[in-house]
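Next come the structures, one after another.
Heads up, the next two complexes both have chain A, just with different partners, chain B and then chain C.
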Partner chain A sequence: MKNSYANPEDLRWKCHKCDMFLSVGPATLTYMGNTINAQLPVCPQCGFVLVSEELALGKIAEVEQLLEDK
Partner chain B sequence: MDQNELRLLESRCIQEEPPECTAACPIHVDVRTFAANVSQEKWEEAWKVLRKAMPFPGILGRICDAPCKERCKRKEAGQAIEIGMLERACVKTQAPKQRIYPLPKKDKTIAIVGSRLSGLTAAWDLARKGYKVTVFDSDSQLGDNLLSMPEEILPHDVVRKELDILFSLGVAAELSSPIGDENFLENLAGRFDAIYLGPDDRDLPFRLTELKGIFSRGFSQYDPKSPVWQAAEGRWAATSMDRFLQKVSQTSGREKEGPFSTRLYTNIDDIPYVPAVKSLNQTSGYTPQEAIKEAGRCLHCECLECVKACSYLEKFGSYPRKYAREIYNNANIVAGRRPANKLINSCSLCGLCEAVCPENFAMQTLCLKARRDMVKKGKMPASAHEFALLDMQFSNSDQFAMALHEPRHESSAYIFFPGCQLCASSPAKVKSVYAHLRETLTGGVGLMLGCCSAPAFWAGEEELFERQFSMWQRKWEDLGRPRIILACSTCYNIFKTYLQEAPIISLWSILDETGLPHDFTGLKDAVPLALHDPCTTRYESHLQTNVRNLLQKMGQPFSELTAKSEYAECCGFGGLMQNANPDLAKTVINRLAGRSSADYVTYCSVCRDNLAGAGKRTVHILDLIFLEDGETDPAARKRPGWSQRQENRLRLKNDLLNELWATESGERIDHAGPVLNISSEAWQVLENRRILVTDLEEVIHQAETSGRKLYNPDSGHFKASLKLYNTTFWVEYIPSDDGFTIYNAYSHRMSVSGKEVQ
Partner chain C sequence: MSKTVLIRLMPETMKADSSSERRVLSQTESLCPVCLKKIPAFRVTDGLDVYLEKHCESHGPFSTVIWRKDPHFETWTRPKIPIQPPVCYTEITKGCPFDCGLCASHRQITCTALIELTKRCNLHCRYCFASSQNLDDPDPDINKIEFMFKRVREAAPSCNIQLSGGEPTLRDDLPQVIGTGRQAGFGFIQLNTNGLRLANEKDYAASLKESGLSSVFLQFDGVSDEVYKALRGQALLDKKRLAIEQCARAGIGVVLVPMIVPGINAHEIGSILELGLKEYPAVRGIHFQPVSYFGRHPESVENHNRITIPEIITALEIQSNGMVAASDFHPPGCENALCSFSGKFLVMPGGGLMPIVSETNSCCNKPVRADIGARQTIFSVAGQWSAPKVQGSAIAGQGTTNSISGMDLDGFLDFVRSRSFSISGMAFQDIWNLDLDRLRDCCIHIVSNDGRLIPFCAYNLTDIQNKPIYRGQ
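Here is the complex of A and B:
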């Protein structure tokens, strides 16, 4: 699976509304007119996406910087 | 910026000008690199440097009379570098292997008359250019005068080896030629396309000067016996002959052919005096060890004054001439990455570079222009300045901004503008100062709270700046154009530049003129402090004087930092460096903090807080003048965090309105919001990530009212997110009895969405 960012511990979170554990599913990231599709921990029911600290400060910060410098 | 502006700018930075030694050398040997190699025992590399500029380094390296030495910078701090002796020591070591690649053969033929160094050099240069060269000499061997030198100075063997290289390039020799004969030259003129007459070999018969293609040296101002001048003479003749045969301009691009004056500046203020190394054996010259030591005295002349003074310029690894080009290129990238964005946004715009540069190169002007250009083209990275701009907007919103006459006054002779950061840092001092001003000055002292909008100026946001700053112009006019009293030197600069019709005065001038408050009781156990001038006072020497006067009047002993007055250093706040490049800002503040072991005193609240944040005990001068009840050690006061800074401003406005004008701000103060329990580690995380308590509150409020949050059965923690401004904040928390306990928070700027399953 390409572009997949989910750690086992991310899947220990439950969507409070739907009462379901998160699972790896499709998510869309957009920034400055660019769209990236990725597999992230999401609520299988309502689609609530978890962005983990690791992802936010790592890969996402890196891509933000790249897009900002374009 | 267009190409011409770039060139002009580049030429202002003289870092790439050659050092004196190279400029003085008739053949421009790169002595600086040569000496560096020798000092590091890189003999082969040193050899190669000589070969680049010198014909026959084995010969010239031994006998060069080194006119460069006369101009060597080292003589201002010791004696000139013994460049000639170093060359000699170098060419006595084993020569590295060499391959010569002459240019493709040309069909033109050249005669060289005479085989002194000039003729041999001309032959050497022209042969490498591909010409068919023949050397004529009346002697029975080439280089007779070289071979007649003492063996211990110039061994015959060396001369022969160097001449062999010449022959290997196809140079022919016609020896025992009747070069004194009447018809000799005329015959040559018939056989060759160009002829060179070496100096001293014969005088040119007058009638022959009209023949085309004969080159000889002109009248010279230099010593004809100087070996290096002879070599230079041959080299220039070779260039002239080549240009003559190629039918190109004789003059263009030859301005720097001989010795020239260089614009390079090298500061030797801190260079200790060291005399030249003496060689124990005068005839044989330096031993390798002596040469290495002597070469180590070379100053490696260069400028880099600004780079030495500025951590930012140092951090990016180059110097302004190069940066100018990088910034120029950055603006002209059509698609793809713009590698200089970080460079452009990291400068603190403090102007120290311009102050120290011998040519007044102003990096801040370059960076600010580039930022404005990026903003206009929509190419400014949003993350670079957003946090600071939001904070400015907070300051200039109704939550903080206001402008009122003094209570019970209908007009104002003065208006006090403390600036956003003093209010953020020490609201209590603002109250004390305002009370003191009302007491001391007559005619009404109004109060104006807000931000001068410098962050927008620094960010290159011209429109935003104009919009925000014009608000101050309007308020000032509404108040009847009073004299503006400024406590912050950044505000002072902004008002001075953009509201020129307004009379402005610094708080330090007022206090210096009107004297200390009458209840000032003197300082208890005053320890000597080191005075830090904020960089924004660089050209406001009267403010610097006012502050020194005040310290004296208070009986506060103080010392000066080396980086003071015109050379004051930035604390990392200026130009929004802190936002765009927090790591660099840390380096900058640590360097400033390390300038003295004494506690500091300063008169900018941001300098004060940044120094305190770097663990440097620092007081603001107002801490000395207006002692707060219960305040025993103001130098130990911590830097208030980002949230605290906003909270302080909110409360200050509200308190003042309550206490002085008996009204209320109507803004959210003491809101009945939940209590957030935040551990000190979590605080640190929030500070570093620039996340405000108000951000946390909004995320939690939204999660708790909508129920959209995550739950972790293992830890019992909740996690929720919310997009505010352009940023999505995440908070991990647990509800507690009185509110919420915060475990973590972070943010990102990308928008993220998932798919709802039907």
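Here is the complex of A and C:
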């Protein structure tokens, strides 16, 4: 799916609080009041979002670095 | 610091002044422009502007404007925890600024190492930091340059490199020099040039790119030929534009570098920004240099011939009709706060600029280790001043939207990669406004012939008779 950052193995995780399997759903990241959309593994009940290490160290880290100034 | 000491050291002229607003803000050290003796210096405000005042027993008082109006001098701070350079090539013997190499009293690591490839130049500018002429001085040969890269590598392995001069493109082996730097392990190599050869030779930019050049620091003083005639002795605007075009085609990032002189081009600050944005994404940013008085200059060294950092920031806001705001700019995380300003923006498809506010420089003014700021700058500069990874028509976010809301993550990533633009400026010091606190915090170091690293403003320092302290060593 386009704009999806969920790996099949992510969906084997359960939300600790709700005891429900994560599913791929829309999540929003915000930057200075703007919303950026992404499809991420989320808990269908409470909305908890799993950000994989790959994503955190990859694209999200790159965005952060690009937005970082000297 | 006790008041009595202050009064004893203060020059006669300062004591005579009765202005109630007059206040000593802080103290540093400087040199007498005549005898080069180290003397105390004071940052003094008259309520509006700030002056560096010093007094030599033999040669009298000197007062040089260092800050005019807003943003306010006392709010322009970015405290750092000093760091001794990990490798020092010189011993402390005579005291700062006479031990440069760097010595163990220095307070910052090298973020940019500058290598001067020649003294020759194909222009004879009325203003020239390096006082370049068509001298018969031989250029350092490729072995010497290899040695210089090696010395930088040993002291500051991950710093950025700027190749400078004279006019470095006069060397036909420039591609080889760039290749040598890349082989030595440097990831970001920038060329400081007047752009004439880039404009005149069709495949020249491509050959530099091929040897590993990332970025061109293009001397670009204005958008009218009057400015070039006044500063550089001839009409050059068409050449400058052609140079930008050639770099764009070759995939080399361009930074426009205007030297700002009051009465000559300070009124073109807004138009330079406008032109830079028109030429974006080839142009990656603009880097202003207020005139300083070392090297060759025709004007007398008087305060009305100086322009300070806050004046450039204010001019950016006024002359851009508010497209950028003074509050978009912040002091540097690497060098001393009084040395520079910068702001980073996203170029919006609808034509506006959106300031990027980063956490590290908007929060709380807590001192940060100097080398952490330096590393961040090395990374940020290399990314910002190189050509974007996404080129030409592939720029993200076409159309006229002025919002990033609702983009997906990949789209946003491409957008930021291709649309960031930097506006910055650095004020160099001369013998008149030299402030040893600033000098010790310096992160831009010139490699001397014998392989020492000399802070830029120490290297270029000349006394009242234009005699250098370091240049030529």
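In this section, the second predicted complex is superposed on the first by the 63 of 70 C-alpha atoms of A that agree within 3 Å, B and C clash if a C-alpha of one lies under 4 Å from a C-alpha of the other, contacts with A are read in each partner's own complex, and residues count from 1 in each chain.
Here, a residue touches a chain if its C-beta (ideal position, glycine included) is under 8 Å from a C-beta of that chain, and two chains touch if they have at least 3 such contacts.
Only a predicted model underlies this, so the values are computations on that prediction, with no experimental measurement involved.
Chemist: Counting residues of chain A touched by each partner, does chain B or chain C come out ahead?
Modeler: Of chain B and chain C, B contacts more residues of chain A.
Chemist: Which partner chains sit in contact with A:46 here, chain B, chain C, both or neither? Use first/second/both/neither.
Modeler: first
Chemist: In the superposed arrangement, which partner chain does A:69 touch: chain B (first), chain C (second), both, or neither?
Modeler: Both chain B and chain C are touched by A:69.
Chemist: Return first, second, both or neither, reflecting whether A:31 touches chain B, chain C, both chains, or no partner chain.
Modeler: Both: A:31 reaches chain B and chain C.
Chemist: With both complexes overlaid on chain A, does A:6 touch chain B (first), chain C (second), both or neither?
Modeler: A:6 contacts neither chain B nor chain C.
Chemist: Taking the superposition on A as described, I'd like to know which of chain B and chain C A:16 touches: first, second, both or neither.
Modeler: First partner only, chain B.
Chemist: For chain A, which residues lie in the overlap of the chain B contacts and the chain C contacts?
Modeler: After superposing on chain A, chain A residues 29, 31-32, 60, 63, 65-66, 68-70 contact both chain B and chain C.
Chemist: Which residues of chain A touch chain C in the complex?
Modeler: 2-3, 5, 29, 31-38, 59-60, 62-63, 65-70
Chemist: Hey, which residues of chain A end up touching chain B in the complex?
Modeler: 12-17, 22, 25-32, 40, 42-51, 53, 56-57, 60-61, 63-66, 68-70
Chemist: Write out the stretch or stretches of chain B touching chain A in their complex.
Modeler: Listed in rising order, the residues of chain B that touch chain A are 335-339, 341, 381-384, 707-714, 718-719, 721, 728, 730, 744, 746-757.
Chemist: In their shared complex, at which residues does chain C touch chain A?
Modeler: Residue list for chain C touching chain A: 330, 332-334, 342-344, 356-358, 360-361, 373, 376-377, 379-381, 383, 403-410, 412-413, 416-417, 420, 422.
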